[in-house]
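What follows are several structures.
Both complexes shown next keep subunit A, but they swap its partner, so subunit B is in the first and subunit C is in the second.
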Partner chain A sequence: MNMNTSENVLKGTRILVGKPGLDGHDIGAKIIALALRNAGAEVIYTGLRRSPEQIARVAVDEGVNAIGLSILSGSHKELVPDVMERLRAAGLGGVAVFVGGTIPLEDQPYLKEVGVTDIFTADMPLADVVSSIARTLA
Partner chain B sequence: MSLEPLNRYALGQKLTQLASADPLTFVQDGAGLDHSGARRVALTGAPGAGKSSLLAQLVGLRSQTGNRLGILAIDPSSPKNGGAILGDRIRMDDLEENDNIYIRSLGSRTAGDGLADNLYEMMNTMDEHHFDEVFVETVGVGQVGYGARELVDTVVLVVIPESGDMVQAMKSGISEMADIIVVNKADLPGARKMLNDINHIASVNPSCSDDNSWVTPVMLVSNKSPDYVAELSRNIDAHQAFIAGQQTGRARKVARARYRLQQVVDQQLAKLISQTSDEFFAAPLNRQVSTILAQLHDFQTIQTGDTS
Partner chain C sequence: MTANTEKGKVAAPEMHGTNRSGVDIPISVPAYAVDPKNIGEPGEYPFTRGIFPNGYRGRLWTIRQYSGFGTAEESNERYKFLLEKGQTGLSVALDLPTQVGLDPTHPMAKPEIGKVGVSLSNLSEAEILFDGIDLSKISTSFTINGSAAIIYAMYLAVADKQGVPREKLTGTIQNDILKEYVARGTWIFPVRPSMRLIADSILYSNATTPRFNPISIAGAHMRDAGSTAAEEMGYTLANGLAYVDELQRRGGNIEKFAKRLSFFFYVHMDLFEEVSKFRAGRRIWAKKMKERYGVMDPKAQHFRFGVVCGGSSLIAPQPYNNIARVTIETMAAVMGGAQSIFTCAFDEAFQIPTETSAELALRTQQIIAFESGIGASVDPLGGSYFVEEQTDRMEEEILKVMEEIDEYGGVEKAIEEGWIQQRLAERGLERKVNTDSGYNVVVGQNHFAKQDEEIKVGEVFSLDPTVAARALEKFEKLKDRRNQAEVDTSLARLSKAAASDSENVMPYLVDCCHAYATVGEMVACLKNEWGEFREPVNL
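Our next item is the complex of A and B:
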C-alpha cells in the first residue's frame, strides 16, 4: 500500500490515541499520533494515566472512528477488556481498537479474542502501523 | 437546567458527521431562529496564550450552577494533508468526570478564520441538545476573526505579557473586536505593564466615548489564582446581560444566518472560479460574472436534484 492510499483513507477520520493505566512516559504514543496526523487523520490525544472509563467517555464525546491504546505497563490483559466492555456499553462496539506497546506474543490471541483489531509492537515500522489502520478504516 | 439527560453518543456522532459534510446537503430550515439557544462565548488569542487552561478553570467554575456546558476546542488542521493533533482537552482533565460538561475537539479543516468548517451547524446542534452555554476555543491566531465575532455573543481575547503582539492588537482594533481582554499568565513579569498599555490603547478607541456602548474590560488572569477567573466569569455575565438589552435573541440568530449564507455562497463561488480555464478571462468582466453566476445556479440545481 503506498502513502497516497493511506492518506486518502485517513483524511477526515477521527482517531483517539489513549494511554490507559499507569505508564510514566508516552513518547511512543506521541510518535504514532504524529504519523497518523501526517497521514491526514484528526488525532485526539488523551495524555497519560487515563482510566478505561475516561477513555470510553472521550471516545463517545469525540465521535471517533478508531481507537489506539498504548500500554507499556504490562496491565494490558486487565485494561484492554475493560475498555472494550465500556465501549460496547456506550454504543461504540463497532469502532476498531488497536493496541500498541510492550505486548508479549503469547498475549496477542487473547487481546484479539476480546475484540482488538490489530496489535503493534515497538519494532514495527511506522508506515506498517499507519497502513494497517488505514486498511481497517477503508 | 435541562430535564432530559444529555445524549452524548448522538451528539458525538452528529458532530463527526457535520465535520465532513457538504453545507449544500444541509436541510435545516429557519425554524430554529425562534428557539432560544445557548449563551455563546469564544476564547481567542495567540498559540500558547493559555486559552485551554483558562477555559478549564472558567468552565469548572461555571459548572457549579448545574448548567449544561459545552466546549468546542479548535486546533489547526495541516493545509498539506488535512491532519491535526487535537490536544486542547489535555488541559481540561479535571472536567472530564462531570456529566454536565461536554468537550469536543475540532480540526479547523478548510476554515481560515480560526474557526472550523460547519461550526455554524455544530453550534446549532449544541442548541438542539439544550446546552445552557457553549464555549469555543479558536485556533491560535493573533487577531479576533470576523467569524467568531458573528457566531458568538461574547468574545474574550487572551493575550500574554511581553508577547510583542501589541502592534498586532492596535492594527486589529482589539477593543472593537473583543468584548473582554484578559492578560493571562499574570504570574509572569510584565503583566501589569501589558495591562496598562492595553488600557492606554483602549482609551483612544472611539467606542469608549459612546455612552451606550460596552466598555471592554481589561483584566489580569492567571492559573495560579482562582480569584481572577471568578472576576472573568462576572465580566462574562455582565456582557451577556448587556447584549440581551441591546438585541433580541432572534435578531442575533438572523444576523448569524445571514453571515452563514454569505460564507457558503462565497465558498461555492470560490470553487467555481478556481475551476475556470485561462481562456475564460478573455471575455469582458461582466460576461465573466454572469457566466459564473449562471454556473452557480446550475450547480445548485444539480446538487439538490431540483428539475423544476
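Our next item is the complex of A and C:
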C-alpha cells in the first residue's frame, strides 16, 4: 500500500492544521496532517479547542504558507469568518485557507466569499486534497 | 485494484478475501476446526451465545433514537413526537458547551450553542426539556462524558422536582472519559481526577438509582475514527477494566457495581465480523470478571451493550443506499445480541435528520423486530463453523490488543502520552487510503458512482438561527432570579468535597443543581481543584 498519496509535491511548505471551536472530532484533521506530511509538507497541528485568535497567532509565529481548518460541529459559518478576519488583521490576508469537515453544500459559497480557497469533505480522496493545496501553493 | 471513480463506469469490483479490518477470511471452515464443546449455551458462562437463555423472547432490545438540538423547548417537542411514534426510550444529545462545561456566555461557547445537541446549562433548562414527560415511565440516555456527573446530578434534581422517587429512574449516562481523550475530544479534567469523578458517580448511582446505568463504556468513536473491529473491542475492554480497578480503589463492591456497567459500539458493514466481535467481547468480559476479579454472580459477569448502526459507514452520495446499510447493520446487532439499538437516519451523513428520515430509521428497527423473525431464536448463528471460527480468532486478536496496552504501562499512561491516539490516527489514514483506492468498496462513492449526481436531498432541516440568542437571554434571566447566596454556598461545599479524596462529590453536585448553579460554574469550581487535561499533540 502506498501511503504517500502525492510524493513530495508539498516539499518546502509549512502548513497549519487547526481545530477551531469546541468540536472534538480530530481524526479528519489528523489524517489530513499525516497525508500532507507524507506529501513533503512540514505540518503544525494545533490540537483541539483553539480560538480563532489562537489559530491566527500560531499562523504568525510559525510563518505558515497555508492553513487548514477542520470543523464538524456546524459552527463553520461563525468560526471561519472570525479566523479570516484575525488573519487579515495579523497581516496574513494572503495565506491560503482551506476548510474541511461537515460543510453542507449550501454553505460553501459563503465560505468562499469570506476568502476560503477550497473546501474538502470526508469522501474526497486524499490525493485530491493534496493536489488542490499543491496547486494553490505552486 | 484501481478505484472505479470515473463517473458513469459500473464495472464490478473484485471480491477479495479480506474483511474491512484487513483480516483474511477462510473460503470455508471445515467442521473439524470447531469444537462444539466450546460453544456453550445461551445464558451460561462465558455467555458467548448471549447473556439471557431466552434471548429477545423475554424482552426485545430497547429501540433508542438519538435526538436533541437547539433549545430545551424544541427538543422537548421532538421527544414527545418520538414517544408518540412508539419509541421506548429517549436519547439526549447535548451541545458542545454543555459537554465541555462552558456556560453559553463563554466566548468559545457562543458559536456552538445548540449546534450538535440541546443546550442544558442549568436545572431550569432540564425542567423545560422534560416538561410533560414522566421520568418514572421512560428511560433516558445522555451522550455526555466530561460533564456527565453534573448532567446526572441535574437529572436527579429534575426527578426530585417532578416528585419521582430516585429509585424509579432508568436510563444511561455515557460517562466514559477514557475514549474522549482518544477519539471524541470532550475531556475537561486530567485523567486521574476524571477517573475519580466517574467512580464517584457510579457508586452514588448504585446506591440511589439502582436501575440506572451510570456508565456506557464506548468503543464506537474509536471505531468510527478508524480502528479495526478487534481494536474497538480491545480498547473498550481495557478501558472497562481500568474503571473496575478505580471503582475498587474507591471502595466499591465489584459484585454490585459490575452489574451496572454497560458498553457501547458501532456496527459497521461486515455482518459476520460484527457478530463475532460481540460474541467474543461477551466471552472475554465474563472470563476477566471471573478469573481476574473472582466475580461469582453471573449478572456481574454479563457484558451488556448498546449499539449505533450507521456512523461513518453512511455516505452522502446516493443517500438512500444508507437505508440498506443500516438494515444490514441492525441485523448484525440483533444476531450479535445487543441490548439496545440506535439506527442512524439515512441523511445523517450530511445533515440533522428530518422527521421523515428519523421515522424511517425507527421503522427499520421495527421491521427487523416484528417482521423478519431473526430475533425469535437466541444466537441464530451460533454453531456455524464460520462464525465460531471467526469468534475464536476475534477473541485472540482482542486479547492481543489488550496485552499491548498492558505492556505499554496501562490505559492511563497510554492515553496521557498520546500513544493510543497516535495508533488510531495511523489506522484512520490506512482506512482512508483503502477507501480512496477502492480496495474497500463503498457503493456510490468509490464504485458505481452516478454520473453528474448532485449530492443533496430535497428535504433540509434548518436550525432556527435565533437559538443562541434565546439561550443567552434565558441564561441571563436565570442568573437574575436565582438565590446567589445559595449558589455560592453550594459551590463552596463542592470545592471542599473535590479537594478531599475520601468524599464523594455527587451529593454536592446535586445540591449545586438544585440551587441553579450552572454547568460552567460547577466545572470551573472542579477545574480549580483538579486542573485541566493537557492534550498530547504528537502525530
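Following the convention adopted for this analysis, the second predicted complex is superposed on the first by the 129 of 138 C-alpha atoms of A that agree within 3 Å, B and C clash if a C-alpha of one lies under 4 Å from a C-alpha of the other, contacts with A are read in each partner's own complex, and residues count from 1 in each chain.
By definition in this document, a contact is a pair of C-beta atoms (placed from the backbone, for glycine too) under 8 Å apart; a residue touches a chain by one contact, two chains touch by 3 or more.
Small disclaimer: the values here were computed from a predicted structure and weren't measured.
By the touch criterion defined above, A:Leu22 lies against subunit C but remains apart from subunit B after alignment on the C-alpha atoms of chain A. More residues of subunit A lie in contact with C than with the other chain of the pair subunit B and subunit C. When the two structures are aligned on the shared chain, A:Ala127 is found in touch with subunit C, with no touch to subunit B. Once chain A of one complex is fitted onto chain A of the other, the partner contacts of A:Phe98 are absent, as it touches neither subunit B nor subunit C. Once chain A of one complex is fitted onto chain A of the other, the partner contacts of A:Glu78 are limited to subunit C, with no touch recorded for subunit B. When both complexes are overlaid on chain A, the residue A:Val43 reaches subunit B and subunit C alike. Residue contacts after overlaying the shared chain place A:Ile31 against subunit C, while subunit B stays out of touching range. Once the two complexes are laid over each other on the shared chain, residue contacts for A:Asp61 go to subunit B alone; subunit C is not touched. Residue overlap on subunit A between the subunit B contacts of one complex and the subunit C contacts of the other covers 33-34, 37, 43, 45-47.
Considering their complex, residues 3, 5, 96-97, 99-100, 102, 107-112, 115-116, 180, 183-187, 224-226, 312, 315-317, 350-351, 424-426, 428-430, 432-434, 436-437, 445, 455-456, 460, 463, 535, 537, 539 of subunit C touch subunit A. Of all the residues in subunit A, the ones that touch subunit C in their complex are 1-3, 5, 21-27, 30-31, 33-35, 37, 43, 45-49, 51, 73-75, 78-79, 82, 102, 104-106, 121-123, 125-127. Residues 8-9, 11-17, 19-20, 77-78, 81-87, 89-90, 93, 96-97, 102-105, 107, 109 of subunit B are the ones touching subunit A in the complex. For subunit A in complex with subunit B, the touching residues are 7, 10-12, 14, 33-34, 36-47, 54, 57-58, 60-65, 90-92.
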